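Here it is: the structure, laid out below.
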Amino acid sequence: MSTPIKLVYFAWLRERVGMGEEVAHLPDSLSTVADVLAWQQSRGEAYAHAFEHLPIIRVALDQTHAHHDEPLGTPAEIAFFPPMTGG
Amino acid sequence: MSTPIKLVYFAWLRERVGMGEEVAHLPDSLSTVADVLAWQQSRGEAYAHAFEHLPIIRVALDQTHAHHDEPLGTPAEIAFFPPMTGG
Amino acid sequence: MTTPTIRVQAEDFDLAAETKILTQGRHDVGAVASFIGLCRGEGDTLNALELEHYPGMAQKQIGTAANAACARWPVDGLTVIHRYGKLYPGDQIVMVVATSRHRDAAFDAARFVMDYLKTDAPFWKKEHRKDGQEANWVDARDSDDAARKRWE
Amino acid sequence: MTTPTIRVQAEDFDLAAETKILTQGRHDVGAVASFIGLCRGEGDTLNALELEHYPGMAQKQIGTAANAACARWPVDGLTVIHRYGKLYPGDQIVMVVATSRHRDAAFDAARFVMDYLKTDAPFWKKEHRKDGQEANWVDARDSDDAARKRWE
């Protein structure tokens, strides 16, 4: 089993998943950001709803923006959120 | 003889002419802004010095910028000044 | 290179006080460009705006934009403050102030930081309406992506 | 169309107070862009700056630029103040504040007014030096003409 990773959620992703953060063991088979997103979709109804429209979901690995096609690496924290609307 | 016109000077043009304003009778023959500038050059040493470098001298007719090739019209006030350096 | 000041906070801010910190006691600054973003009432339909942020990363992303501005233009001082939490119509949300010898650098740096912050800093706005309708998350604007791209 | 406020005065100004006049009691303003021009010390060589102006025409030219900005962008409020007389290093010379729903209009309007004012408003600066050398009139900068041209 892999090292546990902290997963954090913001805005409507947080609301749909039903929590702001969790600690999870990711399958060893996940090698890209896209793999992680596909895995999230498979984790039940709430996750499937939250991760329904993948193209609009942004991911940050250890607080750095990452494209879906980037390798996952070994982050301690993965964040999932919609496009940002600050300023 | 023509109507008297108020002539005003600013910055180093004012200093070279030796006064901030004067009232003068312009010759009837002057028909463009350039004509007025040439006339100023002919009015003695102080004016010749002030109006030495015509291309850098700006003119305003009744407080509106005028190019040297514009017709003089019948302004009540003509202003002469160097390029502006405000702001 | 100038080290920008970045703050992510719930409290209000004071542009005049922040400007004074950047200009006081130095006479090489000729230009101060600043920007304040305010919470709009949306035609009196908005009760409040809830600003969620990603602590740590919000500060980091604003810092990245601010450092890039200081590297790109001759900026003498740069301060960026972004609030989070519940804000009401008329409230201040964000401010940027940039100082420089000349105005072009100050204007460019302030605007650059605002454009990058809009698309790259992890903040999200939720609108609570006066009519009691369900609160909604504000959609990102395509024009903000376009604004960011003009600096590339 | 918005009617800008223009003042040409010897007295100092207060950007925060002028901003408050434009934003107070209205919740449709989302963006406030502002600029302040300060008197630089020129490496501690400047004693004072003397700002001469053409009364009447100075006000008129700033008004022309400000009205053009209000016609070109959706500006909600615009205030421009330019001082004249004797100013010292660190003193405020000029301010522009523009408000709008969105930031692009506010930034563009403020910068446009500054660029036009630099080349078209009848003000002249004379530098009085600390070393007692003869005072000199500041030369116009080519970069100011270029800045104005970018709006054409």
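As written, the chains take the letters A, B, C and D, and residue 1 is the first residue of each chain.
Here is the rule we go by: a residue touches a chain if its C-beta (ideal position, glycine included) is under 8 Å from a C-beta of that chain, and two chains touch if they have at least 3 such contacts.
None of these values were measured; they are calculated from a predicted model.
**Q** Using C-alpha centroids, which chain lies at the maximum separation from chain D?
**A** The chain lying farthest from chain D is A.
**Q** Quick one: report the Å distance separating chain A from chain C, using the average Cα coordinate of each chain.
**A** 27
**Q** Please work out the Cα centroid separation of chain A and chain D, and write it as a whole number of Å.
**A** About 49 Å, centre to centre.
**Q** Would you give the residues of chain D that are in contact with at least 2 other chains, written as numbers and ranges?
**A** 37, 103, 114
**Q** Quick check on chain A: which residues sit in contact with 2+ other chains?
**A** 87
**Q** How do the chains pair up in terms of touching? List each pair.
**A** A-C, B-D, C-D
**Q** Please give the residue numbers of chain D that touch chain C in the complex, ascending.
**A** Interface residues on the chain D side: 15-16, 19, 23, 26-41, 43-44, 89-90, 101, 103-104, 106-107, 110-111, 114, 143, 147.
**Q** Applying the document's contact rule, which stretches of chain C touch chain A when the two form their complex?
**A** It comes out as residues 37, 51-54, 56-58, 60, 82, 93-94, 114, 117-126, 137-141, 144.
**Q** Please name which positions on chain B make contact with chain D in the complex.
**A** 8, 10-12, 14, 60, 63, 65, 79, 81-87
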